[in-house]
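Down below are the structures I want you to see.
What follows is a pair of complexes built around chain A, which joins chain B in one and chain C in the other.
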Partner chain A sequence: MGIELDVKSFDNALKILSKKYKIFAPVRLKGKGSFSDTDLVTYGEISSYKDIELSEKSRYSPKEVIYPITQTLFYFTEDEYKEPEIDDKGIIVFLRPCDANSYLKLDNIFLKNGPYEDNYYKRLRDKVKFFVIECTKGFSTCFCVSTGSNKFLDYDVFFRFDNDKITCDVKNDEFSYAFSGKEVEFTPEFIEKNEIEVKLPDIDKISQNLEYVFNHELWDEYTKRCIACGRCTVSCPTCSCFSMQDIFYKDNPKCGERRRVWASCMVDGFTDVAGGHSYRQKYGERMRFKVMHKIYDYKKRFGTTMCVGCGRCDDVCPEYISFIKIVSKVTDAVDRGESK
Partner chain B sequence: MTNVYMPRKAEIVSIIPQTDIDYTFRLKSDILPQHGQFLQVSIPKIGEAPISISDYTDEYIELTIRKVGTVTDAIHELKPGDFLFIRGPYGHGFPVEDFKNKNVVIAAGGTGLAPVKSIINRYNRNPKEIKNLNILVGFKSPKDILFEDEIKKWKEKFDVLLTVDNGDETWTGNTGLITKFIPDLKIENPDDTIVIVVGPPMMMKFTCLEFLKRGIPEKNIWVSFERKMSCSIGKCGHCKINETYVCLEGPVFNYTKSKQLLD
Partner chain C sequence: MILDIDTKLLKKNAYRVTKQRGITALRIRVPGGHLNIKYFDIIKEVAEKYGNGTVHITTRQGFEIPGISMEKIDEINELISPIIRGLKDEGVQIEDEEGGYPAAGTRNVSACIGNRVCPFANYDTTALALKIEKLIYPNDYHVKIAVTGCPNDCIKAHMQDIGIIGQVEPIYDPSRCIGCQACVKNCKRRVTGALTFENFKVVRDPNRCISCGECILKCPTSAWTRGEKYYRIVIMGRTGKKNPRLAQTFIEWADEESVLKIIKNMYDFIDKYIDKTLDKEHVGYIVDREGFKKFKEEVLKDVKLPKKAKVANHIDYTGYRYERNTIYD
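Moving on to the complex of A and B:
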């Protein structure tokens, strides 16, 4: 069963929910795009239907809602470590199935990798309620069906936005009080076929031919083409690497903070160690490292592909490098290498 | 919720200069690590750095820290009575239980001696735990020699070969890289010999190859890796070498694994 809403009752629901939740959705920031007179579609807080941008894919993903670009871990006063307080409010995120799945991918790193849960991630993640946006057409660079991230059934509320006609399925009873309208038949739909289909490589085959894949000439092209800007990793919903950074305040050097900031395996400095040594100096080697994480070794570790097929890396690369093409080349190479 | 990034305060009880740039800091602590594990050591507002535990008792731990940059420079400014902030221990150390009753060879280059020093001192206290111990240590030059007093003590019980890459006018000891001495090392039963190799990447690579030439099985060789590390708990990604997190699965690796760490 679904509930039919008009814009007014939807806005009213947001108003009610905003008492207890911060509400995030894709938004359009006028004139903030990378070229003059272009807009930036990204995640931001919303308070009404008209704030939500549905016609375009967001350049940045919703990961910053639970994993901020810069996050203070401690405030220092003299020698004391103090953990920053956080907002009491819960978090509602409007997102498409691929991005909802990306949260589960981040969970594997922050909550399951290694012996400990990352407390800074967990305290935000535990607040999240998934308000999933129905997505049946996708965009030209999407390949979520290929990565198996086109569906997300564990939603709290599911929405179909059909122009100004809104239908929702409230799965989590906690939210029933906010949505009132005519009851209608409603079955959430998910995209079943993208314009692009990508065959992912068989990870057992890679394991058996690891050196062959690692030393394959396909990577050389990216040593020449990639400029190591890191945009692909910034916009990727599943990239989770960070660096620690301590600072002191200029106006009061006795006080300061320890932060973590997003880091990128594509950018210089990621592997630098004492003695001026660094690893993966060639950009093609970095590309191999990134791509293999997305489609091979993360899956080996957690049983699921890291990439959710959102296509953002292809959208943002200034050198028109296509991750999709690279994945196809890897699959090809693995299949051919095997049959040799 | 426990804060996994929260360090604890540890008082510096003494500081022992080893060379101009390497100091050993003894901290009050009851951490009982595995040999080869490391800590994240920090000074608020300056930063954190991963540092091996070079020795320990149930009352203190020792860190031997080379001054190379922001954090380590600031640590070198500290005095006894000051505090360092530590979290850990992290990673997997050397499986010393499996080394019992074996011949053990330890080859260390430069600061690589720090992560294995506690093992040597363990055997120094309990020589019966193993059949015998052979120590090979190499430094760049005589002024880079670390743990000179302890090396002297080890010589009373074990075969110790100390070499420097380049001697000076007064140097009368061995010169040359460690690898030069491996072909002549007395190894009675390679299958029953454990080899530990720690040092700069090139030193480890060629030292391991020399031991393989001597018939030591790959599975008997152990190494320790250094990678950039921000978190040490499997989150930040910096230490990852293809599918392996050095902070979690290392820093100590068996050679059968380490040779597959392609980069």
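Moving on to the complex of A and C:
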């Protein structure tokens, strides 16, 4: 069963929830696009229905809600250190199934990758309540069905936004108090077919032909085309690499803080090591590293494809490089390579 | 055949006296360098029927149709009336639609392609050019204005009496910066090196920054975003025979309202100080004669500049003069 809401009762629910939660959703920031007179659609805090932007895919993903770009891990002075406090409030995120699935992918990296859980991630992640936005059409670069990220059933509340008619399924009883309206038949729907279908490579086949894929000429093209700007990794909901920075305050270098800040395997400096050496200097090699992590290495380790098929990397690439096309090329190469 | 033609009126009508007796050429204004394609049919018809079947694209982004017989001017003016009406519909004050162009002294306002197409442009140059056209045309005073989207200055605003250059105030959110230094490297390589990297974040030197917006374009995380739009006004650039030179910055961080008011005021300045004994006098020569201080006083009358605005105290024009003692090989 679902509950039918009008905008007023939806806004009222947000008002009630905002007492205990910070509420995030895709929003439109007027004039904040890179180009003049364009908007930026990204994740931000909302307080009403009109704040939510549903007509366009957000440029950045909701990962920054639980994994901020810059995160202070602790402040230090001569002989003391202190972790920063975090907000007491819970976190509600309105997101589409692909992005909801991306949180599960991040969980593998931060919580299930080795003996320790990442506490900084965990303390924000534990607060998250999934308010899933029904998505049955997607956008022109979406391929979530191919990556198996088109469905997300473990939601707290599920929403269908049909113009100003809102229907929701409150799965988590914790939220029943906030939503009141007419009860209606309601079965959440998920997208069953994207405009784009991508055949992912068989990872066993890659494992058997690793050298072949690693050295394949298909990567050379990207040494020429890619500019190593890192837009694809920044917009990716599953990229999770970071660097550490120790800051000594200018006025008093005895105090400072340690931060972790997003890093990108596409950008210069990512592989710098002591002695001044670095790896993967060719951009094609960086592309290989990124793509293979998304469709091969991660799956080998965690049993699920890292990429959720949101298509943001294709949307944001200033050089019109298509990740989707690369994946297809890899699949083709692997299939052909094996038959050799 | 008797040819009795008032050449002064002919010139004001946007025709010209050519080297061939009795033959003229018509200049079609294209404000902002942007024209509805429907007018091409008219230009084509004039060129084919009255001209020599060719058209010249002028340096100010207009069309010049050569090879026209002076006797046909009235017919042509009637034929081009839809183009004149088009200007009128945009808000340009023209009384007689059938009489051709009412003035030619104030030249076509040219513009780079602007932010309707170009990723670097900081504003809609075509729209601003049209606003300026409405403000200053028709007018006989000899003035050249061009507007350009960013300090790349593709339209060559630096060669105009008034050049308008788009500025954007870049706003930096350090919490979104991943320290990739794309902005720092680019600013150093392609702009003025206004950005440095300190303590893993970017520091902008406002005195070096020319507010082009490249940092915003290069930023993968939108740590740099767009603040308010502003305009830099450069003045008294020119070619010509007397001391050709690049325009110099008069005002930085002006808003659109101030830009328009300053341009309007410049016409009052010309009106006041032009040498009326001459047939015509180019605004640049008037400013040279009367001095920058007087010009500044006149054009800033009742202009409310934004707080951020900076006005040049003094301008040193260099350029070159032909009478100097150049030593040739």
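What we mean here is this: the second predicted complex is superposed on the first by the 339 of 340 C-alpha atoms of A that agree within 3 Å, B and C clash if a C-alpha of one lies under 4 Å from a C-alpha of the other, contacts with A are read in each partner's own complex, and residues count from 1 in each chain.
Going forward, contacts are C-beta pairs under 8 Å (C-beta built on N, C-alpha and C of every residue); 3 or more make two chains touch, one makes a residue touch a chain.
From a predicted model like this one, the values you see are computed outputs, not experimental measurements.
When the shared chain is aligned, no partner comes close enough to touch A:Gln208: not chain B, not chain C. Contacts of A:Gln245 after superposition: both chain B and chain C are touched.
Once the two complexes are overlaid on the shared chain, A:Thr136 sits clear of chain B and of chain C alike.
Judged by the touch definition given at the top, the superposed model places A:Lys122 against chain B, while chain C stays out of reach. In the superposed model, A:Ser34 lies in contact with chain C only, and not with chain B.
Of the two partner chains, neither chain B nor chain C is touched by A:Ser47.
Looking at the shared chain after the overlay, A:Ala263 reaches both chain B and chain C.
When the two complexes are overlaid on their common chain A, residue A:Gly230 makes contact with chain C while staying clear of chain B.
Touched residues of chain A were counted for both chain B and chain C, and B has more of them. Chain A residues 243, 245, 247-248, 263 lie at the interface with chain B in one structure and with chain C in the other. Touching chain C in their complex are the following residues of chain A: 29, 31-37, 40, 42, 59-60, 68-70, 229-231, 234, 243, 245, 247-248, 250, 259, 261-264, 267-269.
Of all the residues in chain C, the ones that touch chain A in their complex are 115, 119, 121-124, 149, 166, 168, 174-182, 199-200, 213, 216-223, 225-226, 229.
Residue ranges of chain A in contact with chain B, taken from their complex: 73-74, 76, 79, 81, 83, 109-110, 113-120, 122-123, 210-211, 214, 240-248, 253, 255-258, 260, 263, 265, 270-275, 277, 279-280, 285, 289, 292-293, 296-297, 300-301. On chain B, the positions that touch chain A within their shared complex are 1-7, 9, 42, 44-48, 66, 68-69, 83, 85, 200-201, 226-228, 230-231, 233-238, 240-243, 245, 247-248, 260, 262-263.
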